[in-house]
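Below, chain A partners chain B and then partners chain C, in two separate complexes.
Presenting the complex of A and B:
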């Protein structure tokens, strides 16, 4: 008998302690994978260009990591409820355009628009639950709506970020670069909220076994609305952070974020169905993608024309490694 | 006040229709304090529907529900929870992505705020210790990593945990279907203690002996109605089976089975478990029904899966000489394609034969499905309905039809009768014997000792090894238990 056959668990029976140990190891390995892939990318960068591993180098390389991490967290909330948000990228772009225009010129209206857009996300969650619609279809449609609205708000690239936002994003703490601190904070806060609180359990349970949750008397409508609102909230934060860094906006600025966010969640140990997500993993996944996206490839002297394709190749390799490890778990 | 005052729950004239199908036709049902009510009936007799009403997950189309003597107009799950009524559903209702403690939290709204994790973990650990001493489940285990038996233990224990709401009645729907004899015994002993403490239980089980031994009162349902309700002492096995309207009481199949098959019939499977150290091996010949016995999870399923794999790729220690089909035990996760129709679910193992050019011929698929619908008695108006429109027993029949309708000469059965009603079981037993007479070979892992009566040869497993090899006429329950618990290696 092949060795993996003996290690594979038999669902119908008792598991010996060694089998359970193997399962726990596989789970640990999967939990560590986001950290490992990040370490791998960092080692590669250090090897190619040792000077990049410095306060200044990290500040530069991780420049765009914060908005990507926030967008990834937004996507993670949606995936936790067994849905998928294909509109998060254009939504981030829309928020960016509002931030660079209304939020600067008429802060009250700007805030109202942003809050309203979170409300739209909540309504989408309700609609998807009540009408039992596939979220992919609804959010694909919404992605064009957000894109259109972004173009209405800012027909050509421009605008300017509010000064307070610029100040926040330009913050330079001692010793540790700001993006790293921000990523840590985002990861820990969301981890606490989703993984440690008692309502976080309900939110994840709604992805794991919705029927069981309904039978226990919880409202699935409410969990879906909460998850989508959180996605909206983090999408807004992502858009604002992005404009804080780029200082001006463009209606297409966030388009790449949809796929980056999905890849970040999966890279971070999440799964498309079953409520298995990891906020810290998602943030690490986002950092990995942010580093692999351009600094690594530039150091490898890959011409910009080829970077997008190389980026895709890296994604495939890392995600394939993840799938192989999760398969061992079964 | 009328006598209803003392009842924990009383349903009168409960009716329920699903579309054109009448699931319940005016049922009166009650449970008093300190009694264990056994509920038996075929799959599709309305037991689950009735229990869903008691638990508040379904509301009756007409009829009244009274709890603790008061009429409940807006009865719901959360109301049932408040009134101390819980249900362990047949299909597991745990979240596989959460830990045991987190799953406990889902059933207790009051487990929140600072320190809820510790409280939840202590609550479920204490209850598991009480019901299943020596269970070796940790509150921090992720449910998805647990075996199906352990999941059932968690689910049962969770139903008995108490925080702020009272607890008067627990509905146990097939609670022992995935447990081995030892843990099932622990659970039933706990149920007796629970009932002795003045609380109540409803016990639904297809293992009639379990109901006869543990219930105080037995209610028999058939076709959406209660046909008999009487003290358990007034029943015996035969009366129960007759009341359920099932096929006539089981005749000892032994004589029939023993209709000595010549030793010379061709070899179909020769297999040695990976952990086997001595020379014992499993040998199956054409036309034989081979039983795999022993406690749950001692390597029986492993061996079946190894044989299944060996059929397509040669592997050491296993010889397979004919096509193989597997009837899965965990039909929800390993057997059924949930999005597909009944006919598609049956045809998937026979696609080569159903092909017409490059495409599957819908006509041949329908013919195959229709043939097996008649032969095995799948109760549905239309085989093109989704597979989930069937009751559990009928879903399992469809899986049998998938295997038996294929070209497989060897059929592996991984405890397929779990949670299936006695009528369906008897029909399938007959079919298996008939197919064996026609030359098919069956390897049958079962946790129910009675099913072994159908087998020619029984191999008892312990710790992944074959520890005993019994002929049908040597088989007794004692021998199996002896080998399963013995130290022999």
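Presenting the complex of A and C:
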């Protein structure tokens, strides 16, 4: 951590109580930002097309929210350790191809491949730590590896999802659509693990102040391996969930997820350095992107050409809002 | 012996060695057939990676977190703008090139404005910008005249004695970039910022202006690259710049520039670009499938990075 940051935190400790109150309000506002942006998108959709706000409407609009949320969580673990994974999209695609072929035809081999790929993620974490490599370049290279493997597993679009997976993803609980329940569950489980357990604190600390953590006797190699393995695990879940929805696979199916996942983490209040991430925020960010990308634009009669731009614009607007709030924080 | 040792000490020599090795492996496979043609083809393709690689190198040298992810979208949009302005007419070539340059530079300016005004990491700023640029390109490029004027296409493919003229021009440009990096105030400031932004600021370097110039430079180079690519491949499309995200970052790192910033070198960009292009040629010559080619490209990049090792943190 840079010296000026520590100096700033000492300053905040010396502020008067009224200043501290204002600070707390700004922090709260900042924490609520992901929820506020999601609410804003929901209000816009409700205003443009009231019929969309229904059980059926949400099931349809949030169709792909589960895999996006899982990929976002995967990216969040990597970002928590001050790294960036530019291969998560092609990894999700690779998992999708394995799910639609091996996992259905020879479940044992399929499971072994998926576990092995999580192992590869663990090795990557170790490699990045031991050789002090830039994760951007390593994962950029890995994105080619996963894409190549995906094409080898499934040269042409096709395959079929295992029946049990289709059954899970087609689950229709009463009152609340499945994607919402699933997203809530994912957010809460990861929130508990990362924010409420003692090892979760260590994991985030490895991004916040690695030197201090290392001196306190914690293995930074282990934290990096754990963070990358968790990213691999959630990447696998994301790929499987995706195939459970689309029923068949294609080697390029996950390519868009890399950027979407980074955007989701940042929208959810995460920061690139310092181990500052928020699992619930990340899930909310993923939902916001899932809703804003297509349903909102369709209702606003904006041609699909501009869907990608909408993601960029939302990112910029939310970040601008965050800057305004942060100014008040000082 | 001393000179050999000094040469081996240069960080960029390894990328050239790699390129020669890959080239030798290929001509051994073909039995010497097409050895010269391969160099010509490699030179003409490497040019496009070198141009964006130099821009990316200056950006990465600014320090950790500095990277321009908007280059692919930038190249796509600038190539469309150039072709639209040239409109298939030889008289408009210069205007079209200027338009591409201006488009790229404008994208660079927007990138820096986002970084500066929103105080966000460059990765996210250039990423958000690239989302928007991509959409503009898709929407703008629809139903566009995408063929370059014949004179421009011939120029981009022009060879003298088996050496592409574009490659000669690019060598001149990279010599200029090397001088700018090592001998001019601008380049020294970039290096100083990359080594320690606070120290550079205290030493009186105008950090904001140098970063602004660097992102604008990277954007402008992306723009001109887009126009040249459209000329070389005789047409523009939305995906024309896609491979240059990985390529631009990879050539910088393989070429021996430090990802932690503050240490850069220009010759390595050429060596690494030739290495990557020849690698693809080799895999194509061996007749491997698309899947294996991607797999090996990725593994070799990861392998090279691992062998080169990261930088020990300063301090």
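The rule is short, and it goes like this: the second predicted complex is superposed on the first by the 310 of 330 C-alpha atoms of A that agree within 3 Å, B and C clash if a C-alpha of one lies under 4 Å from a C-alpha of the other, contacts with A are read in each partner's own complex, and residues count from 1 in each chain.
Definition applied: a residue touches a chain if its C-beta (ideal position, glycine included) is under 8 Å from a C-beta of that chain, and two chains touch if they have at least 3 such contacts.
In this text the structure is predicted, and so the values were computed from the model without any measurement.
In the superposition on chain A, A:240 makes contact with neither chain B nor chain C. Shared-chain residue A:207: touches chain B; no touch with chain C. In the superposition on chain A, A:266 contacts chain C only, with no contact to chain B.
In the superposed pair of complexes, A:133 makes contact with chain C only, with no contact to chain B.
After overlaying the two complexes on the shared chain, residue contacts for A:27 are found with chain B alone; chain C is out of touch. By the touch criterion stated above, A:66 is placed in contact with neither chain B nor chain C.
Across the complex, chain B is touched by residues 1-2, 5-6, 9-15, 17, 20, 23-24, 27, 196-199, 201-202, 204-205, 207-209, 211-218, 274-276 of chain A.
Interface of chain C with chain A (complex): residues 65, 67, 114, 117-121, 123-124, 127-132, 134-136, 138-139, 142, 198, 245-246, 249-250, 253, 259-260, 289-299, 301-302, 305-306, 309-313. For chain A in complex with chain C, the touching residues are 4, 84, 127, 131-134, 136-138, 140-152, 155, 259, 262-263, 266, 272-273, 303, 305-313, 315-316, 319-320, 323, 326.
Contacts from chain B toward chain A in the complex involve residues 55, 57, 76-78, 81, 87, 89, 93-98, 102-103, 105-107, 109, 111-113, 116-117, 136, 142, 145-150, 178, 180, 274-275, 295-298, 300-302, 305-306, 309, 315-317, 329-330, 333-334, 414-415.
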